[in-house]
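Take this structure, written in structure tokens, and hold onto it; I'll ask about it next.
Per-chain residue numbering starts at 1, and chain names A, B, C, D and E are given in the order in which the chains are listed.
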Amino acid sequence: MTASGVVALGTGAAAVAAVCLMPLWASQGMIRDVVTLCCYIAVAQMWNLLAGFAGLVSVGQQAFVGVAAYAMFVLAQTFGVNPFVAAGMSVIVPIILAIPTYGLLHRLQGAYFAIGTWVVAEVMRLLATNLSFINGGAGMSLRVMTQYSADERAVGISILAALLLLTTVGGSYLLLRSRYGLALTAMRDNPVAAASQGVDVARLRFLVFVAAAAGSGLAGAVYFMAQLRITPPSAFDINWANLAIFIVMVGGIGSIEGVLIGSLIYFFADRWFGEYGSSYLIVLGLLTLCSALFFREGLWGLLRRAVDAPWFPTRRILVPKEGHRQ
Amino acid sequence: MLWLDGLVQGVLLGGLYAQYALGMALMFGVMKIINVTHGDLVILLALVGISLAGSFPLGPWGVLVLLVPIGAAVGWLLQRGVLNRVVGDDPLPSLIATFGLSVALQNAILEIWSADTRSLSGGGIEQASVALGPIFVGVLPLIVLACATLLTGGLDAMLRFTRFGRALRAASSDVEAAAMTGVNPKAVYAMATAIAVGILGFAATFQAMRATVAPADGPYQLIYAFEAVIIGGLGSIWGAFVGAMVLGVSQAIGFRISPGFGILAGHLVFLAVLAIRPNGIMGRAQ
Amino acid sequence: MTDMKPILTAQGLGKSFGAVRVLHDLEFSVRPGEVLGILGPNGAGKTTLFNLISGDIRDHHGELTFEGKPLTGPPNRRCKAGIGRTYQVPRPYSGMTTFENLVVAATFGSGRREVDCYESCSAILDECELMARANTMAGTLTLLDRKRLELARALAVGPRLLLLDEIAGGLTDDEGHALVELIRRIRSRGVTVVWIEHVLHALMAVADRLLVLNFGEKIAEGVPSEVIEDEEVQRVYMGVEA
Amino acid sequence: MSALLSTHGLVAGYGDMRALHGIDFEIAAGETVALIGANGAGKSTLLRSILGLLPVAKEMVRLDGTEVGGTPPHRMVRKGVAIVPEGRRLFSGMTVEENLRVAAENAAEPRGEGWSIRRVYDLFPILREKRAAFSEDLSGGQQQMVSIGRALLAQPRLLLCDEISLGLAPRVVREIYAALPEISRSGTAIVVVEQDVGLAQRASSRLYCLLEGRVTLEGRSAEVPREAISAAYFGAKNAVA
Amino acid sequence: APAVVRAQSAGTIKVGLITPKTGPLAPFGETDDFTLERVRERLGGRLETQAGVYDIEILMRDGQSDPNRSAEVAADLILNEEVHLLMPASTTDTINPAADQAELFGCPCVSTGAPWQATVFPRGGDGQPFNWTYHFFWGLDEALNTFVGLWEQLETNRKVGMLFPQNADGETWGNRNYGLPAPTKEAGFEINVPGFFQPRTNDFSAQISAFKQFDADIVGGITYVDDLTTFVNQSAQQGFHPKAITVAAALLFPSGIEALGKLGDGMSSEVWWTPAFPFKSSLTGEVSRDVADAWEAETGRQWTQPLGYSHAIWEVALDALKRSQDPLDRAANRDALKATDLSTLVGPVNFSSGPHPNVSTTPIFGGQWVKGEKWPFELKIVDNSVNPLFEPEQRLKPLTWPS
């Protein structure tokens, strides 16, 4: 463990604890902002896992965001399940969706795969629009939330947000530090060689796809719990893919640090400059363009060229004679 | 009767999708560039056309004649300025770059033209039709289909039989080997994108005549263009045309089953084609 | 030694890519613990043979057996079964360090826990003279070091059968000797080695037997000194006109 | 004899890795020069640098005495330098004839009678039969012929051949090498890169041997002894001949 | 120093305005921007209220035509900016998510620019009134009756083909119980609904052939400009020539009519507001004509219907703040809002007399677009059967189709 890594891990643990304990120290507004930010981080990190590590470029993660969110609404609003419990339970739905989706798309390469995921998300949106059970195109409101006091809601959603961070960012970090993390990188760099060294490339890709679906789904459930309202276009909004692309590319693909940096930039830029309407969006678009043209490794990549102090070290560094360290 | 009418209207709808798909077939199918700004360029061109028609007595065909070279110029600039830096086997850079450009372009269009919905008057042609027995065939859709067919034939012939077409196919197959054979890949690519966006001049004119355009409309037809190209098979121009027809007919039949099911039907057929023939209907197997 | 059961056998092995026949009706077997050298002109089908054994390419004619059982399944399963290989064109994981490259191979190839592999990986790095490069990104290694890395990674999976595809090309004399020594040591641990090589003197120094391919067919097999004198081998491979 | 093309202290590499460390090389019009060396010695890298596929400084390569280092490949082709690349690199999805036409249509100005597709077919008659076949459906030898034909149609004054015998049956190799004098007859200079030293020696008038990015031997092909080549080739004293 | 002595401020009132400035709903937001500037100018940063003189800060946020975004900015305004009043200015997609946030976090919220049923029913306000969110606009029932009123004016076979999109608006308008089908059938018309369509459908031939088979003389429903244009052009192509096309949403904006070209002449729809409205602004004393003229002078573009409501929402909001016991207290503002009884540019607003405790309805008329003098097309009021507050400008005429 590097020094910066120790500091970062401590900070990370403190951050998760702080998120969990938000009701004790944060205003309601702060809680809501942090929850939104956590959702951005989670969705972006899941996309990063797919594109940056498994080499699967998806523009259809909103399919999983949407189905989980809808599942939560149905469980809570229609069946009266405690919404906080429902949010956790709803993760099963994106997992169920991810399995046939991967089965259908796994043979596709690169851009084909991307367009395929997009179409799947569109299909989910159209299906939701046609389902009267979930109120079709009119959407649903989560009125059951008014049954809970502000404090109860704050406690519930803070715990969920902490859980979300822990599973997506913490989970990714654990995964990347485990041997599977190495296998993912190996697979991205050279799938043929990885297979010849015992890595089950097909299975690992599948598992990553399903895990990313689950993580994005949990983010969706938490996000729409805070939104209180869901409609097919908002649930299956391609903006989820856009947001993930922006965050990961500007922050730096293939690193957790990049996702954190990108999410913060997106979140604050959105809050501070959002009122400038189209001019702000023009700048945001051009920034993405520039990142693709001039700094593909993102801001974290630029930063790392200056100082190599990863917050989430996943490198294995061999220290001859003194043993090995991670 | 219902189904025959569905088939006819579906083919006509396919003609519209083919207009969108052709430029995409060249860029995505042949050059392997994911161009997310495709739809936004149509809107940009259409609005330019509508503004021109508002200032000069051009008529729709005059607009078309102007939009094609304007589109070509835009395409040339796009390839030279942006896309030549992101071409390659990895789809991600072109996706990211054009995605960013798309967001910027949409909002720049909003700034310039405001959010108003506009259309281009075709002087009545958009409402004219010929009756074939009980089936009415719109004149404008027929022109669209005829144009799409001619463009497809022309583009396909250009790729197959001209020096430029061969150079482009060579460059997309192996950029370095093409350069070793005396082809200047960057110039060829710029020319190809100029052609692709020039073709969008047709799509823009027809879209503005048959319906409307507004700044946020760009992405809506994008997915159909991608689908048509993939259904047809990458690299095949006639494939994209056939893909557009498949999509048009699937949707039209779907609409007749239920208006809310048409678009879904198109997507489902797309997914089915992917599952059964991942290389597309006319794509060469690996 | 001759009466030991072969570790690898091929019977009627054939492979075509479309209309191009690359291997045809190939028969041979490899005895446990031996070093079998494979020679042949470019395009004779040597690498294709390795690809069939490792499972990188499937759908072939004829039968391959490993330790008495038919060889089937994807490459990762064959690797776990005890087959390690190198690639003629090195395929490092360029986004990882040399050491990490080995750790992937060791943990997934042998199914051990990651921490349990560090010791053996560092020993292999030492053996392959890569210790100085342990924490260097593999993408920045020189060709020589990439080739060493190929070998090191193949060793890291803990194979019983090691397939080496042209690992000696471009080595200096001393390096060549060191490589020969290393392969002798590997053999002495009971690992069976099949080695494709154009650098004859290296191969001759360690191979127990030679197999010569041409156009996907076996044209000679046997003791190195005899095979090398074979008229057809002289003509086809060495380019000596009869 | 003035050099058609020469390199001067040419250094080149890939990213941070340097593959060539100061190569001085020259070839005169009509001459055939062999370039030999072990795998990874840098032969292909040298050819690629000459053609402008790798970034090199302007003064490192001279054509007709003019500095042309780093000129983009398509311009080098127009100046009369063509390559038969390592690994054939045909355009897949295009027929034999289309492959040839791409080259013919983007060629340098022909000198004298020049090369035509017909003349290529005369050189390799099998290609006339296969003119409508997709390039990826050809056998390796036929592919190599197309690749050579493509380079010839660029109307080169200097033809760079990178391991054109790779993956070819000896008989085909012999045929191709038999065609070389025919090619150089019209004044075209040829660089052949070969792993088969004997072949290279017989086909060329001079040879260079590379080892790890440096020239270790240079001389008249007919005169250099086999042992010297072995030594230069492997950097060894006791190579098996 | 200049001797301008200002009254002591009792604090700063914060008001949050959410409007779709970008994205597909941007035409609705244009008038909000314009009106806000005029309101700011008028107020000069101060508001005199019953409780004293306050500084007033107006925070404008772009909902980007995106419900998710609208909820986010609403929450930000309520929780972080701690506004004392929230104003989601128009469209269901902007109002509903924002109002849900206001309801949960207890912030008074006044909205307009969407039929009230669409802001109440999808949010579950059916049997359970809201505590914090108030909406003034005409109701679907009235709009529907206006439609029927329009159709009664024409000589037809009383057969109506209906078009509804698959979204919140379409689901509300097309609802069999409280949507357009109900009053239409009640008035003795026959109806045909071929099924709801996805917005941005490129082909309406299926619906057209169904309408032809049904022999519809009238087409009614709700569509957007692009869909309506496709539909109308295809209808003309397919030889389907109804006598009236009366749809909501698409015919709101002059640009939408212009997009229809010649066929725009005679299209009919509900009228939110026109310069012909006789009511006076409680804020500026202007009549509707003045407001429209100001817009046209400023922007050089034709007035649009949301302009009146963009203005009226400020009348209602500022009136409530002025009457509030304590404009810095949300509950007090809510109480003041609830007690609103005001005559605005769009008509009287009073939440105590509405059809739902959180709703006040405003008058609606039937209108028809006809060739104009100053602008290519002008909207004329042709029906007042629902709100006979003033006389129609002219009578409805049937559509003319090119032969």
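One rule holds in what follows: contacts are C-beta pairs under 8 Å (C-beta built on N, C-alpha and C of every residue); 3 or more make two chains touch, one makes a residue touch a chain.
This is a predicted model, so every value here is computed, not measured.
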- Task: Treat touching chains as neighbours and tell me the shortest step distance from chain C to chain D.
- Result: 1
- Top of the farthest list for chain C, CA-centroid basis, is E
- Query: Could you state the distance in Å from the CA-based centre of chain B to that of chain D?
  - Reply: 43
- Task: Averaged over CA atoms, how far is the centre of chain A from the centre of chain D? Could you give it in whole Å?
- Result: 52
- Message: What's the distance between the Cα centroids of chain A and chain E, rounded to whole Å?
- Response: 37
- Round to the nearest whole Å and give the separation of the Cα centres of chain D and chain E. 75
- Residues within chain E bordering two or more other chains: 22, 166, 196, 198
- Item | Interface hub residues of chain A, defined as touching at least two other chains | 126, 129-130, 277-278, 281
- Every chain pair meeting the contact rule: A-B, A-C, A-E, B-D, B-E, C-D
- Query: Which of the residues in chain A end up touching chain C in this complex?
  - Reply: 178-179, 182-183, 185-186, 188-190, 192-202, 254, 315-318, 320, 323-324
- Task: Give every residue of chain D touching chain C within the complex, in rising order.
- Result: 15-17, 38-41, 137, 139-140, 163, 165-170, 195-196, 198-199, 212, 234-240
- Enumerate the contact residues on chain D facing chain B in the complex. 51, 53, 72-75, 77-78, 82-83, 85, 89-94, 98-99, 101-103, 105-108, 150, 154
- Note on the structure: Note: in the complex, chain C contacts chain D through residues 18-20, 41-43, 140, 142-144, 166, 169-173, 176, 198-201, 204, 215, 235-236, 238-240
- Query: Okay, in this complex, where on chain A does chain E touch?
  - Reply: 27-33, 36, 126, 129-130, 135-143, 145-146, 150, 153, 223, 226-229, 231, 233-234, 237, 239, 271, 274-275, 277-278, 281
